[in-house]
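Chain nomenclature is as follows: A, B, C, D, E and F, assigned in order of appearance, with residue numbering initiated at 1 for each chain independently.
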Amino acid sequence: MTLTAEDRARVLVEALPYIKRFHGQTVVVKLGGSAMNSKQETLLDVVLLRYVGLYPVLVHGGGPEITAMSERLGLKAEFLEGLRVTDADTMDVVKMVLTGKINPDLVATINRLGGQAVGMSGEDGPSIIAEASDPSLGFVGRVTQINAEPIQALINRGYIPVIASIGLGYDGHSYNINADTVAAEVAVGLGAAKLILLTDVEGVLGEEDKVVSQLSRADAERLLASGKVSGGMIPKVKACLRALDAVAQTHIIDGRTAHALLLELFTEAGIGTMVTP
Amino acid sequence: MTLTAEDRARVLVEALPYIKRFHGQTVVVKLGGSAMNSKQETLLDVVLLRYVGLYPVLVHGGGPEITAMSERLGLKAEFLEGLRVTDADTMDVVKMVLTGKINPDLVATINRLGGQAVGMSGEDGPSIIAEASDPSLGFVGRVTQINAEPIQALINRGYIPVIASIGLGYDGHSYNINADTVAAEVAVGLGAAKLILLTDVEGVLGEEDKVVSQLSRADAERLLASGKVSGGMIPKVKACLRALDAVAQTHIIDGRTAHALLLELFTEAGIGTMVTP
Amino acid sequence: MTLTAEDRARVLVEALPYIKRFHGQTVVVKLGGSAMNSKQETLLDVVLLRYVGLYPVLVHGGGPEITAMSERLGLKAEFLEGLRVTDADTMDVVKMVLTGKINPDLVATINRLGGQAVGMSGEDGPSIIAEASDPSLGFVGRVTQINAEPIQALINRGYIPVIASIGLGYDGHSYNINADTVAAEVAVGLGAAKLILLTDVEGVLGEEDKVVSQLSRADAERLLASGKVSGGMIPKVKACLRALDAVAQTHIIDGRTAHALLLELFTEAGIGTMVTP
Amino acid sequence: MTLTAEDRARVLVEALPYIKRFHGQTVVVKLGGSAMNSKQETLLDVVLLRYVGLYPVLVHGGGPEITAMSERLGLKAEFLEGLRVTDADTMDVVKMVLTGKINPDLVATINRLGGQAVGMSGEDGPSIIAEASDPSLGFVGRVTQINAEPIQALINRGYIPVIASIGLGYDGHSYNINADTVAAEVAVGLGAAKLILLTDVEGVLGEEDKVVSQLSRADAERLLASGKVSGGMIPKVKACLRALDAVAQTHIIDGRTAHALLLELFTEAGIGTMVTP
Amino acid sequence: MTLTAEDRARVLVEALPYIKRFHGQTVVVKLGGSAMNSKQETLLDVVLLRYVGLYPVLVHGGGPEITAMSERLGLKAEFLEGLRVTDADTMDVVKMVLTGKINPDLVATINRLGGQAVGMSGEDGPSIIAEASDPSLGFVGRVTQINAEPIQALINRGYIPVIASIGLGYDGHSYNINADTVAAEVAVGLGAAKLILLTDVEGVLGEEDKVVSQLSRADAERLLASGKVSGGMIPKVKACLRALDAVAQTHIIDGRTAHALLLELFTEAGIGTMVTP
Amino acid sequence: MTLTAEDRARVLVEALPYIKRFHGQTVVVKLGGSAMNSKQETLLDVVLLRYVGLYPVLVHGGGPEITAMSERLGLKAEFLEGLRVTDADTMDVVKMVLTGKINPDLVATINRLGGQAVGMSGEDGPSIIAEASDPSLGFVGRVTQINAEPIQALINRGYIPVIASIGLGYDGHSYNINADTVAAEVAVGLGAAKLILLTDVEGVLGEEDKVVSQLSRADAERLLASGKVSGGMIPKVKACLRALDAVAQTHIIDGRTAHALLLELFTEAGIGTMVTP
């Protein structure tokens, strides 16, 4: 279908108040899981955000590719409550895959699409300080401190930071951290306006197994307590709740929709679930 | 007709390369004549341009309203080759109407639409130095010098300058200057990326009375010489030719089309006539 | 009489402590009424102030000229308690006269005298937010908020702002505001060191109809309550009292004295009435 | 042996003219090969350089570890004239090892020693633009352009950039580039004062198989032509010659000596071979 | 005699174009000889200049006091062609008197009068590089280079530099330099607008022993050649000629007149002799 | 004895944590007494400190030379409780010797050694405000206020301030102040990290006439009360106690040891006495 001049003008004009509202603000976007499938469209959106004056920051993990590489190298992937157990060998694989494969791929794609990205892990700077979250999980960490300065320095120079979810401990060890959690902590550390977690489902399911478009802090906590929110959705909802301490708008949206970021930010059509204070 | 998410995404994505190309650049827009009719849409476009990182500068005249006020005050409007003869009394009316009515109306509308405009005439600063263009025309002036500093200062602070086409002579007199000419000189003085003259026809008519979508410098000069370009279109085409000395893209477009600026700048659909070096 | 070298040196040296005291400070001067008669000398003083390091800001109304133009256009001037009733047609005239005639004349004169002035009304920026002060007065406004940024931006670049006493309402209407009041609000908004209201009488008359050279806040309030201060002097004294909330020195001086500003600022000879906290 | 106060003072005082000479200048250091063995001492030196006002930049490759990982993953390492043939699968391994293992290890170690390092590859920014050097070598690249801005931005904020020798092609592919070459190009692009290539031999051997302490451009070219310089030393000497276009001092020194950098920079005892213009 | 308001206004207004012309410019003033008698008025003038936006720089020697102190210490003052022969002991006295007595006295007086002075000699920074002008004169130097940076740094912070006419040689020795010459070199080095040499005569005497109010470069050279200019006036006229290479206005004026600087700069009454290009 | 490469590396590496700790911090050093003997080494240390990123500030008195010059001029040196009685004539000598001889000698030496020093007394700025400490002592002063701005301005530009211990009173008189006291006040005023008083003994003697390497505030006060600390050591210990209000580390060290400053700051070998909070 051909769009008329009027249609085109309408979309552009509709986008105005949103572009205005987010102009000059930081938006932390977490890529991950199979949401990586529509990577090209998502990264084009990210470049567009930068051009219209927002400051996007990407955070990524890389579960499936870590598993694949571990298997190829003959290491066994072991999970405890949905969190990967990470021994020293596995940690090496995590670093290689995250900062040696996924991160540079994202950076190269953004640079090819006309943006200017710089990849980093939380060890650079260091910007993410971590400690072991549970001795039985090995080098699985939790964030104890965000050093926003090196990330902010890149933002101020106009670069799009792409952050692999690895932290540096004061014990000198690297830690593998859940990327949703890292995104939330980075959003808080940067004073971001929005946290957007891209996932591969339509949103958070409510009581009647329908996607809930908006969720209050209380609702979210109830769904967590009732077990209604389960599996990989648990760290996502928890990340939103954590971010709400400092970030006004948090979203869990369907990364399988092409240009989900643009639609979420610049049109009235809400997608996925927004968790609000 | 309802636009689908896909349609919306398509328009936004299509606008990207244009937004990128013009990001951080100055665009001088001349309002005037009956093109003032779709003022609301045009000024909304101007506000939008500012939000997505362009620096719009508006220039305006005000022929019809000057005539109306002159008549109400019992002054006779006299024209010589399409240029208004301006005696001292008429010059007072010109200033009152341009800087006392049209200019503050434009400024107030932009401010209401969410932009930040500051009105000025060429006497402020002073930014436009003029001299009499022809003794028999009275205080009709031509630009002898643009002092871009006060205009640039407003741009740098994020304001949208709205400039009434009046200049200050070294003789201490105010001069009424054709607004197309002022727009061209201001565009040159600011090193603008584009000059856009809004008018109330579809564009420049070529040999077969069809609108020509693109016109080379040589074509434009031939059409001027042949008399094919006539009346109020003469100063517009001349303004484009003058601006081409320093401005790469000049346009004469139909201000009656709603959101003509957005469509011209951010879509592939060309409107009106582009005059190129 | 010829002044000797000694005399000249004496005046210059006497001016020193005053020049020192006001160096780098903002002085808001309200022009108006018949005090506009010695305009040339007053504006020369303003230019001088800028050269010796003060930051003058001018505010002006334009009562008599508005009345004259209204009459010429067949509109009737109506006053309520010394405040002009302003319907939509009259408001058009107010804007045309203030920002289309008086303001550019002041700007052009200052620029001719070697200063660098930029004219603006409260709608530019917008810098003066207003609302209707009394429904029965029409578009007569009172200041609800001063946005000092656009004025300060001009000051910081070395320009002399010349401000017409018009404000922009959140309802999108323009409002005509008493210029003494605007001057007081602008002085407060800018954190000025001095507010000087030029008028066409020698100063405020006290109990025995003699000009009082200094007036405390309490004295001024008593004179207002007793009706001793009346007519056009009421808004002037009220403006001083309002400004005293943030401005240490407020003056009502005789604009008919040539170079009244220089004499008030730089010599020991006080002129007119100073209202003190 | 205990050092006396006098001995200590002597070393410190001797270091003065060198510290003075290099203060505020950029020094590019290439780590690599078995020189990585005394990594701890070398990185401590790098931290020290930063503290005394120099700006060190590290460049690294990672040949042996790439080979090891390739083998572990069942890929065959193939060499052509001492350059690794790199197919798409091998390139993935190169990236994983360089930016996913060696680079974060270097960064974490520096950060632990009290410095502030940020890791990057040439794809970040992108700062290193490359093209295929020889179709038969696959994704082995040569540098076509250095974009110094993102590296310089980190330097200016006080960080120590640690750069993996990977470049981004305009074709969107990643290229594996010889780290000596990258170090030379980065040194030229940054206008460095010194290029230091750490290696695992004592220096360049001259005619009589003795280490030559200083080598002119002509000498170096003759040794290359005669085949006296061979194997992995070829790209090192060529890198020095390339850097000499813009860098005044280039060194090939023995990374096996503890604190070789400090000794080279801050004492009169020369180590290894200096190639001079 | 009492001055009227009109008289006062007249002097202030007359000063305007001069204040305007010199606003923001540097004026180098050389104090010295018996012109030091009206020190208080001169230094008050200097403070005033700073307040009205000029940047005064003072240079001083101290002949008579050096002679007095030398005698008191039993050293014999010896002159060769009007230049003091300076052995090592005398040089110690020169430094003690210039930077230990005259300089701090000038600084303390200015600070007491409300200015902010910082004293320095050419050895500070070092700002004046010198060499022996004639071996037979001992440590009498001539300027070989001005390092304006430390002087300009003080000017930029709003301080009034007070410079003793001593230079530092590359041989590590201090040199005594004629203060007129230093003033000229400093004026050139700073790109000053004016050089003013205060002296204790009315000006340069011309052919008929009358003070000449203006002297062209050619006139000045002829008067020097003819011997008409003699004694201590020789270095003064030579200093003006040297400064004319870069400074448009140079003056030799009578420091015995109270407030000679103010009168010279801000009134039409010329005093002394102006040497022009 | 020849130092090995290993020895050299060891000293440099040992210095690292100290250089790091003091990087960017201000260190006030008081020269004085016979400690001036190893002036060359001390000033070389000062230059070195500046090169490795510390900000040294020197303060000096000049007792013995003042006495010598006073005697030569036939003035009698009189002391009261170890403080010099200073009449007007003596004060002239103090200024001449301190700011006219010792200060420029220190400045010239530093400049010759490759540093950039600027000499000043407390009268410059003025930076040290003083009042008479005791009428019977004449122009002996005590500090009432430090104006750190002019000193800090020099520091910020990279200069090494060399300050003669003279202050300016609000009464317009110059005051001679104990240099230890001035150093302490300057250290407090600048927020220095360290105060180092160079002296000509090994340190503070404790109960058994042995040098105490560390002294708490309480210890120091007890030694003062008991008379164990006496003579010229009294103002030194008091200066340390005063500085401890704002400066964390204060030292009294033996200036006769060559490079005492380097050894104190950059090695583990403590010299002299440290007074701690």
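One rule holds in what follows: contacts are C-beta pairs under 8 Å (C-beta built on N, C-alpha and C of every residue); 3 or more make two chains touch, one makes a residue touch a chain.
Computed from a predicted structure; not experimentally measured.
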Inset, instruction - Give the chains in contact with both chain A and chain B, ordered by label. - result: none
Legend entry - Interchain contact steps from chain A to chain E (minimum; 1 if touching): 3
Inset, instruction - Go through the assembly and pull out the chains touching chain C as well as chain D. - result: none
Inset, instruction - Report the chain whose mean Cα position is at the greatest distance from that of chain A. - result: E
Inset, instruction - Average the CA atoms of each chain to get its centre, and name the chain whose centre is farthest from that of chain D. - result: C
Inset, instruction - Over half of the contact pairs shared by residue number: find the pair among D-F, A-D or E-F that meets that against A-B. - result: D-F
Legend entry - Shared interface numbering between chain D and chain A [over half = same, under half = different]: same
Legend entry - Whole-Å gap separating chain D and chain E, where each centre is the average of the chain's CA atoms: 57
Legend entry - Geometric centre distance via CA averages, chain E-chain C, whole Å: 45
Inset, instruction - Take the average of all CA coordinates in chain B, do the same for chain C, and state the distance between these two points in whole angstrom. - result: 35
Legend entry - Per-residue multi-chain contacts in chain E, two or more chains: none
Inset, instruction - Output the circular ordering of the chains, read from chain D in the direction of chain F. - result: D, F, E, C, B, A
Legend entry - Residue ranges of chain E in contact with chain F within the complex: 69, 72-73, 92, 95-101, 103-104, 107-108, 111-112, 116-121, 123-126, 149-150, 153-154, 157, 159, 166, 168, 172, 174
Legend entry - chain B residues touching chain A - in the complex, by the definition given at the top: 1, 3, 5-13, 15-17, 19-20, 23, 44, 47-48, 51-53, 114, 257-259, 262-263, 266-267, 269, 271
